[in-house]
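You will see two complexes here that share chain A, one where it goes with chain B and one where it goes with chain C.
Let's turn to the complex of A and B:
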């Protein structure tokens, strides 16, 4: 019996291979212009954070010094990346004059904006340019695009370098919250019974404690505050919504036919949960995670704003706003970081909504 | 019904014990004690000598490990005693009583404003669903919903207290009372003064929930207008306004009423950030200060109050839901 083609002529002609769930969801997501613009903005922030030292800084992106090529700007990511030779030759962080003086043969490619996020640029540090204005004199200008703060530090450089924190806070804390939430929710939903009872109580307890109360208590509890600890705390407190949704999804799916089939085939509970249920439960759980990123960024900036943020060397948008509180006449300290936080939160909310509409079949039905 | 209530209450007591236990443990593990923080930080010369510290520790029960001190605290709460604040030398109940008025004034007006604006706005959006103006309004609400409160507060402060200074539009930067207001000032003048101080905080506290409620009403209405009874109402000749409000909106009231229960803790708990920015002497600020001062009795008193309100709010929401919607039963 070789019935290759003629046997099923009644079947409608095949147009293309059936698309998977995610590719179909992506198709629908793409048709929402606002969500796509928001996704574009998030990608733009990723680019800014990655290339922050090349956008604003006082260290050369690439330079040739005494016959060797160096990348001093990497020091902005981690201080230990600063090539030892510059410390030995007593550069003390000032590159332009020292490079020319100590090796006339040297050349360097400089960042787009010669400003430092950690200190004020001194007079004539860049040949022919005056020092940054300090106190309330630093209105936005050609040299200081977003103005300077009360110590003369460039706000644009601070914001470019603070992008890393804003992005990391969202991803790290929600990565942690997602892991905890899915684990607890999945266990509760799949096993049910007293496990569910215990987990549900735990979720309820953590939900009942007001978030900011819990976070403030935890922040005070931490000895040496750092941005990583803040992220961990936001993650440790923000998993309840995810857990509730994961629990509901696992509860619904555990009695479905494909799970029964997997069990009949001899799959263990861990395998069923990870390989069979999780992929089907992922879409509804991803939505609160995306919204969670937005709220994590909000929480981090409000913590920094209240003065509970990471200590000075690390820059975050919220701490710029905290500086603005006592200098309200310096409007640029409010407007630029404020708009940046707002746009980032808005973007994640729009991406989350797009994701929800693209993956939830009930909403799609409702639109018709 | 009664058995359901009893079961919920019993669960609530267990939850309450867990919450207060966790917060008590956390509070006691924070570095520093109320004695060292309050006296030592402001003025080193006022640092207590070790013998005095020991004596005061004993008086406040700080010499016991946190778990046994917790049971002493819980026993006192059962007897109706929230303890005395260490840094303010006043009973915690008195402190809460002082602060609850300003918070209620702030969040009560914010809640009222939210409902007064969001219901017409949500109905308007539903009536014009799909039209250009509805899309603009909806997007505006979405933007408002994503706008961080503390950024908005700073913007408003810059506009009304710095740029509009010495004009008729100037509004106070912070505080609840102006300098010239004393006990002798007439009731009308002092209320007007407080209202002027409350404008900015009330706006900040209401705009996010306003946007959220409007979107909520709009989304629910979209669901409702597809129901058969709406088609029936239209078919029998009811006008568009009557269909929208009488047949449609009354059915979206069901989820809305339950939201009222869930807003109970926010109503009395206040907002830490807004009260902090505008130095409004309310509950949120009291909580923030008590954490800074490591004032365990106040932290615990407020946590206890927040949790009771949250649990009560959830219970009220469930009961209201069963009450307004005959299809739902609490069993």
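Let's turn to the complex of A and C:
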């Protein structure tokens, strides 16, 4: 990254001009402490989501059993990753006792917290440890850092594993929305005329559909509801804002000189759109995507809160709040997931705001 | 089919308040109100109300224009009296009966002492019920008192023959007129308030009732046998959309009023269940005679709209005010208990009964704590954690008792997974019953083993042990049945028609935290033995639809109890309407048929006991638990006595409640 210092004579002035738009934006973004802290928090969440099975779980991170090394904790990402040997021989998914009993030679590296997000830990499952408390007895303690829910499932483990859902919902649904939105917006803006007319009407029609109601209706019909379908629906209905911005940018840029030059040089429409206009139009479009991530997380939480989230036993922060609704005296069911949702949404909004200010020179000017 | 209405006394009740499902039972028009499918469970009455409403619609659709009643020429009364031998049947005053019963029971504490207690142990619960459940002695009750009752949903109609939801049973049980009822042991009897005598012919084909001559509708007209005969004709007219009360009533051949007082019911066959069929609500003939032919919906014409707003009442109370979605106010009817200046019936204890409609259980609990309502059903979570503090006990107390409402996993026998009895047993062995009872259900429920509760007269005398988790037994049974992990993917499978079918199925449940948690526990339990379960929480109505269409592999649900064991026939008979799981056993079919024809109680009980034993062996359901009833009561209320159908849905039911007079 080049510094802001005025360049000395040995540096040709061309190099200054070569500093790209994005590196300049990053420069400006970095100077906003709040946005940087927010970005740091998002990255932290990515880390937590990635290493969730190693942070909280009841399956060893790595273990050696009957002469082979296994990584059973991957089963938390996908059931099929669980080595079949642990489903045989009446192993029954209970590792600590069975490992030692069936192969005294075995060893294992355990997750930091021996708690499962999907079920309550049974009595003596971890040698010497009692079962999780249930009902409203599960106040936060040494064993259950964030307490347990009314059925005895550890809230900390649930939250750690729920991070994946919270992040995925944002990225996947907004990735989908971004793709659709930019494609439609770009086509509409670049070609104009009846294409624009059609696309704009389509955008207006989709805008009229209330996402939450649509999802509630679909949940009743979908045969096997899953978090992916929820994400798809959020994405399929949330692209309108992005499309409108993309359309406006393309409309503006298509008559600019560099586009004309490209066209004169014989570039086809696809090449002009992707190679020449899109990079210049991306900045304003990224901002609603970032805000969209925040709102997608909120939508998912509200759905789970209403009981229409991913099917059990998958966990999400919103479903914890739902449990709290009928157990208000269990404050830890409200506070921890509530704070997590709040911080995540706030972070995304701060990142979005930072991005907006960093990429929009007019805003920067206005602030001075 | 059965459980019929018996009004007359306040709360000579019918249905449990947790709504019951009204459903087509047999091809034709049989409807059952006695059994309820509890797709919603303790605490979400609203979901159930919804279901009931939907069923009502269904019934309208199914009531095609077919003739329900063949013309019948009843023989003259003299001929009947001469030819038949008559056996006297009980005509009782339910309040007096209950008082007598209580006189023999020890009083464990004074009301004042009982009100100091926190209901946190079975002993305290017994003390509270004993002390506060006493009926009023002479002069003890404040006859000018009013009470605020809670109902979870508004009533659809004030016409007693259109009754279908639990809220309607609660309200119309107090304003309607009927001849029969049943007590907390579910013994049927005729109400002494309405009937002079009740006799059954020795061949079981006739029932003769003589009405009292001092009965008045709220508009001052006398209630006569003609009203009953007229109502029967209306109920049996296919144009009238009767959602619930036609079931059972349609088993009657004819109802004839020979004069103002004498009424004869003609039966098609001499069934043991006939006593329930003669019990239906009664309409005032003089009011509806002129209006119902023009508008058989009983709802649409201007006359019926007016009647809906100001119904003519035959019961001890009449509706004086009704704000839709908010409240219904009933007032005691003077010409019910006092006729021609003479008191002919005991005065009901409340001058005014106000039904408050509050859908959300959390809101109604707040209302109870604030003293805005005097009683409500509590959900288990509220019972355990939200009603333990001083804020609750300041104005209220609470009581619980066994209710014959049981919950189960139903296994669809027509799927490749559950056609084998060994697999169904394996499911019962695999499930962690203990954890469900202790942790999920707060230790409040007792385990269920079958379709009848062990204290019921028809239950088997053999001791059926509740299933306990035994994963070894479960795995052995699955191995035996051929469900082995052949392809080494950690999931058991079996070769069916040349293809390996993995043991992975979905279980449907209504979208309620406790139910979802129980299904998730099943998922966890089965996961350990190589069986995959997908839990699918759906709306109560969706669940109802899927079970009705048999589009499921397994579901979680529950049944309430009817007044007669025959009500379970449509769950277990081959091809019956509510035999969702597709169970079929010729012996069970035969036993039900025999049970219906057997008039001797002890011999009948043997038939049903045998059915229960067969079902226990076959495990078409994995029976889980009996759900208790939980009620919060204002400290002012006395006289609540619980039956297996809750504190209100029998006789005297709600009419035994009272508030003490100021000292």
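One rule holds in what follows: the second predicted complex is superposed on the first by the 341 of 368 C-alpha atoms of A that agree within 3 Å, B and C clash if a C-alpha of one lies under 4 Å from a C-alpha of the other, contacts with A are read in each partner's own complex, and residues count from 1 in each chain.
Definition applied: a contact is a pair of C-beta atoms (placed from the backbone, for glycine too) under 8 Å apart; a residue touches a chain by one contact, two chains touch by 3 or more.
What you see is a predicted model; the values in this text were computed from it and never measured.
Once the two complexes are overlaid on the shared chain, A:188 sits clear of chain B and of chain C alike.
Of the two partner chains placed by superposition, only chain C is touched by A:118; chain B is not. In the superposition on chain A, contact is made by A:349 with chain B only, not with chain C.
In the overlay built on the shared chain, the residue A:212 is in contact with chain B alone; chain C does not reach it.
In the superposed model, A:329 lies in contact with both chain B and chain C. In the superposition on chain A, no contact is made by A:160 with either chain B or chain C.
Of the two partner chains placed around the shared chain by superposition, chain C is the only one that A:82 touches, whereas chain B remains out of contact.
Shared interface residues of chain A, touching chain B in one complex and chain C in the other, are 220, 329.
Within the complex, the chain C residues that touch chain A are 362, 381, 384-386, 435, 438-440, 442, 471-472, 475, 485, 488-491, 506, 511, 513, 516-517, 519-521, 523-524, 527-530, 534-539, 542.
The residues of chain A lying in touch with chain B in their complex are 34, 201, 204-205, 208-210, 212-214, 216-218, 220-221, 223, 294, 298, 301-302, 305-306, 321, 324-325, 328-329, 331, 334-335, 338, 341-342, 345-346, 349-350, 366. Put simply, chain A touches chain C in their complex at residues 79-80, 82, 84, 86-88, 90, 92-94, 118-120, 134-136, 150-152, 220, 224-225, 307, 311-313, 322-323, 326-327, 329. Considering their complex, residues 11, 14-15, 18-19, 22-23, 26-27, 29-31, 139, 142-143, 145-148, 150-151, 154-155, 157-158, 161-162, 173, 222-223, 226, 265, 269, 272-273, 276-277, 287-288, 291, 294, 299, 303, 306-307, 310-311 of chain B touch chain A.
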